[in-house]
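You will see two complexes here that share subunit A, one where it goes with subunit B and one where it goes with subunit C.
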Partner chain A sequence: MTILLFIEQMLNGLQFGVMLFLMSAGLTLVFGVMGLINLAHGSLYMIGAFAAAAVAAATGSFVLALMASLAAAALAGALIELTIIRRLYDRDHLDQVLATFALILIFSEGTRWMFGSFPLFLDVPKVLSGPVTLPGGIQFPAYRLSIIVIGLLVAGGMFALINRTRVGIRIRAGEADREMIAALGVDIAKLYTFVFALGAALAGFAGALVGAIQSVQVGMGEPVLILAFVVIVIGGIGSIKGAFVGALLVGFTDTMGRILLPQIFALFLEPSSAVTVGSALASMLIYILMAGVLVFRPRGLYGVA
Partner chain B sequence: MKLRSAALAAAMALAGATAQADVKVGMITTLSGGGAGLGIDVRDGFMLAVQQAGRDDLEVVIEDDQRKPDIAVQLADKMIQSEKVDILTGIIWSNLAMAVVPAATAQGKFYLSPNAGPSPLAGKGCHKNYFNVAWQNDNLHEAAGAYANDTGFKNSFILAPNYPAGKDALTGYKRFFEGEMAGELYTKLGQTDYAAEIAQIRASGADSVYFFLPGGMGISFLKQYAASGVELPLVGPAFSFDQGILQAVGDAAMGVKNTSQWNKDIDNATNAAFVETFQAEYGRLPSLYASQGFDTANLLISAMGKADVADADAFRAALKDAEFDSVRGKFAFGDNHHPVQDIYVREVIKEGDVYTNKIIATGLSDHADAYAADCKM
Partner chain C sequence: MTRETWINVASLAVLLGVPLWALMADEPFIITLATRAAIFALAGVGLNLALGTGGLVSLGHAAFFGIGGYAMGILASHAQSYAPIMEAPFLIEGTKSMPVIWLVAMVTSALAALAIGVLSLRTSGVYFIMITLAFGQMVYYFAISWPAYGGEDGLSIYVRNGFPGLNTLVPIQFFGLCFVILCLVLLLMNAIHKSAFGLALSAARQNETRVLSVGLKPYHLRLVAFVISGAVTGLAGALFADLNRFVSPTMLSWQMSGEIIIFIIIGGVGRLFGPVIGAMIFILLEHTLGGLSEFWHVYLGALLLGIVLFAKGGLIGAFAGREKAHD
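Moving on to the complex of A and B:
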């Protein structure tokens, strides 16, 4: 493999990682701050993508579509937090899994009822279609490059929010000791709704960004949800920094594994079985990574005991 | 009391219905999740034919397998044991077909496949009660390989998902393609990001790309391929360019050549009527999946006119005759109960605002599958 191809694949891994970060940031906050397992996070991703596709079809503007995805997912998030999720904080994790799984079914069938079973059209904006040439002659899709930039900006914004603002202090305090912060007069219910809506908005935003280069269809959120759980377990539950590092690790491991493993096996197996064995192992690689991390750091890379 | 009499009335109505219905069909297909578009098209095509036949001795039970093999197996057991169906049909995905079909045919049920045609069921694992109305999995890919030769491609990069139909696809393409392989990849079933694969295609030095990625996978691949700036010609089977996918892909698919056993412009009266009535009934153009569902139901109805399903041998012979008006024009079964048919090359075009296909050539004529010789019935 040439060095240029290697760099291009690293960029692909980075882009995948950044996208995973947008998805996992909300999940890890909700899990860390409120102790809630939210399986419906993938549905919020889907809502973002569908809202973007609908608005893009109606107005033709990609910027409006992105804003719609943020608004729709945040709204849906706030709505389910106020009506359903808030009743689950004191319940067993099993109850939470059951209730949020029910939400997946409701959102999926609701979306099918509104938009039908066939995938919707959502394309990248004209300005960003096609490739750009990077230094060294690497051709890389302009849109993927923008996802990297946007994702890194959002990550920076999240760090600033958590570490530098009053809301961030409250979120961290809520994570450490929720009774104490309530006793100090912080409206914990409002804080929870805010955190949940924020996480939902990020997931919806990721759905819209990715929807433009993938298929906008019912059920698109669940495969990503599984990856997001892997990310937050690797990174340590509740840690934004952990989610970021975990997302990049998973992004790089998955992308490089898919390319390198079949080639490595080709060194000592015949081509057809090398492809089969390599592809099969590549799809397990991130789970092997997760198991490896957990052996040495049972609470994840940045998890607190 | 009221409730009980209502239940009694319902039970009596049901009993009345079963007494009338001589043939009971169990349809297991994918109606939810990522692959739902395919199952819905098969179901709608099938039910259109049933409705047009207007027979009151045909009852269809429809269940959703969610594209999960374990659920498909449970549904098949339920349909055979408690619903007492005579015939099963509907499965879209080859891995589900492999889980359901051998057990169902071993219990003496007929299975009519409207889509999946995995190679084991055409060869060594064939069964006298299994009929495939669509194609053996390799067929469209074989035609694509033949088309790639005719076009003068010498060096193809090929990719497909890692599941039975994906392996059949690449095997089929390689069986007919005479050029070199610049690269061969199996991706994860359901994968949505192909950046790493596209970078490998760019670096491979291929002169053409052959890909089999049905449903949402194909949409993702085509959009990402268009944005990548790789400009090698694409060839695919119809599954990557069916009516349900094209609107979501848009311009990125224009002009791409793909192979299919059916298209809406095949010139015969049955096909013209099918396209028109399907559009009137459901408000969209039929896909090849819908055409396969429609043909499957018409095959069944033709056999019902000639034999009683209780007489398995006579009914089987009636199915084998395949005396129905297929939307494909001519249609016949080979000795392994798989179709012998023409496979066409189509091009993606735009008709007004709608993306669709038109036939530009015949890829393979009277084509049978490569596994028939291994089948001992």
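Moving on to the complex of A and C:
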């Protein structure tokens, strides 16, 4: 394998990791602050993608589509937080899993009912549709590169929000001791709605960005949701930093595993079985990584013991 | 007899009565539905030991359900093509005999549960939920990317496997087989609940510190429960694959794990017959609502949401009242 191909795949891994971070950030915040496990996070990702596809089809503008994805997912997030999710904070995890699983059923079938079973398509904007040449002569799709940039900007914004702003202080205080900050006069209910809507908006945004590479369809959120779970288990639940490190680890491991493993097995197996064994193992690699992390750190890399 | 016992007896009577009625009325499809209900109930009864008694919210039990299914698929497909599974170092051939298939299904899913349990049980709470889900997905993706046994398309067999003395292709006979297995497993679970092991497992759920302080090891108790639970769900998977004469990665999907939990929730968590009633209601809903609307999962979701938010004990809880407290 040439070094150029290697770097290109590293960039693909980075792009995947950045996407996973957008998805995991909300999930880990919601768990850290409210103690809620939210399976319906994948549905918010799907809602963002569908909103973007619908607006792009109506207006032809990709920027408007992205804004629509943020707005739609944040709105849907706020709505379910106000009506259903807030009843679940005091419940045990089983209730949370079931109620949010029920929300997935409702959202998925509701979307299927509104948009039909056929996938929608969201086109990459013309400006970004071609490849760009990076230093060293690497050809890389401009759109994927902009996803990396946008994702890193959002990640930076999240760190700034959590560590530098007043809302961030409240969020961190909420993670540490929610009774205390309620006693100090912070409207905890509003804070919770805000955090949930923020996480939802990030998930919806990720859905819209990925929707332009893949197709926009019902059920697109769940595979990503499960990867996001792997990410936050690796990173440590509740830690934004952990989510970032975990997302990049999973992104790189998955992308590189799919490329490298079949080639490694080809060194000592015949070609056809090398591809079979290699790709089967590659599809399990991130879970093996997760198991490995858990053996040494059952609370994840940055989890509080 | 308590009210719960009456409900339990009634649920078994309905599960047995409906297909018998269907036999008289010549409605083989209803018998198949009842068989599905019995098999789903069995899967739920398996999970209920971990989830209800042990308090282990496993969102990855579809892995065991599917492994059981694939045990059937692999053994039977080798038997029908007369190709041995393995020749060296010793010969292993496929089989069409149900008892052998069940044994293999239970052993393989128990081993899978042991491997997953050893790692997952190091954690608890929400970590446990996510990790079992992730391991379930691992098995799912493995099944999809491994082409030898159908990959994404799954594996079908031509003729249902045989059981000595029965013609399993006759719907009522196959139903009878599944029903008897369900009853036997219910008896076994009842015995486990009353045994010292069952009480200790239940105690580990209620108060881990106390269990530790009397010298019991919650980790070991939970691991044993998880393995038994996986084996029973694997047996249900083998039966389910035999019912459809087809096994595919769908059986391993995480929606399947969610559905197995739903059976338990509708009926009542930790109740012996909770999954039996839950599975019957689920099949009833699937059949009636599925006929009314293509989008019946919306109603299922709404019902589930209602049960979780407003009726915690499930149906048995609503009719039989609170469970007797042991402490």
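Methods note: the second predicted complex is superposed on the first by the 305 of 305 C-alpha atoms of A that agree within 3 Å, B and C clash if a C-alpha of one lies under 4 Å from a C-alpha of the other, contacts with A are read in each partner's own complex, and residues count from 1 in each chain.
Everything below uses one rule, namely that a residue touches a chain if its C-beta (ideal position, glycine included) is under 8 Å from a C-beta of that chain, and two chains touch if they have at least 3 such contacts.
Model, not experiment: these values are computed from the prediction.
Novice: For the overlay on subunit A, clash or fit between subunit B and subunit C?
Specialist: clash
Novice: Quick one: is A:15 in contact with subunit B, with subunit C, with both, or with neither? Answer first, second, both or neither.
Specialist: Only subunit B is touched by A:15; subunit C is not.
Novice: Based on the superposed arrangement, let me know which partner A:233 touches: subunit B (first), subunit C (second), both, or neither?
Specialist: Once the two structures are laid over each other on A, A:233 reaches subunit C alone.
Novice: If we overlay the two complexes on their shared chain A, which of subunit B and subunit C does A:94 touch? Say first, second, both or neither.
Specialist: In the superposed model, A:94 contacts subunit C only, not subunit B.
Novice: Quick check on the superposed pair: does A:220 touch subunit B, subunit C, both, or neither? Answer first, second, both or neither.
Specialist: In the superposition, A:220 contacts subunit B only.
Novice: So in the superposed three-chain picture, is A:108 touching just subunit B, just subunit C, both, or none of them (first/second/both/neither)?
Specialist: Both partners.
Novice: Have a look at where A:287 lands relative to subunit B and subunit C in the superposition and call it first, second, both or neither.
Specialist: second
Novice: So which bit of subunit C gets in the way of subunit B here: 151-159, 187-195, 205-213 or 277-285?
Specialist: 151-159
Novice: Just to be sure I follow: which residues of subunit A are touched by subunit B in one complex and then by subunit C in the other one?
Specialist: 108-109, 112, 276, 279-280, 282-283.
Novice: Which residues of subunit A touch subunit C once you look at their complex with the stated criterion?
Specialist: 31, 37, 84, 87, 91, 93-95, 97-99, 101-106, 108-110, 112-113, 222, 226, 229-230, 232-233, 237, 276, 279-280, 282-284, 287-288, 290-291, 294-295, 298-300
Novice: Considering only the defined contacts, which subunit A positions touch subunit B in the complex?
Specialist: Subunit A residues touching subunit B: 1-2, 5, 8-9, 12-13, 15-16, 108-109, 112, 117-121, 123-124, 129-131, 139, 141-144, 210, 212-220, 223, 255, 258-259, 262, 271-272, 275-276, 279-280, 282-283.
Novice: If we count contacts the way the header does, which residues on subunit C are in touch with subunit A in the complex?
Specialist: Spelled out, the residues of subunit C in touch with subunit A are 51, 57, 59, 119, 122-123, 125-127, 129-131, 133-135, 137-138, 141-142, 144-148, 254, 258, 261-262, 265, 269, 295-298, 300-302, 304-305, 307-309, 312.
Novice: Under the definition above, what is the set of subunit B residues touching subunit A in their complex?
Specialist: That would be residues 31-34, 36-37, 40, 162, 184-188, 190, 192-193, 195-197, 199-200, 202-203, 215-217, 219-220, 223-224, 226-229, 244-245, 247-250 of subunit B.
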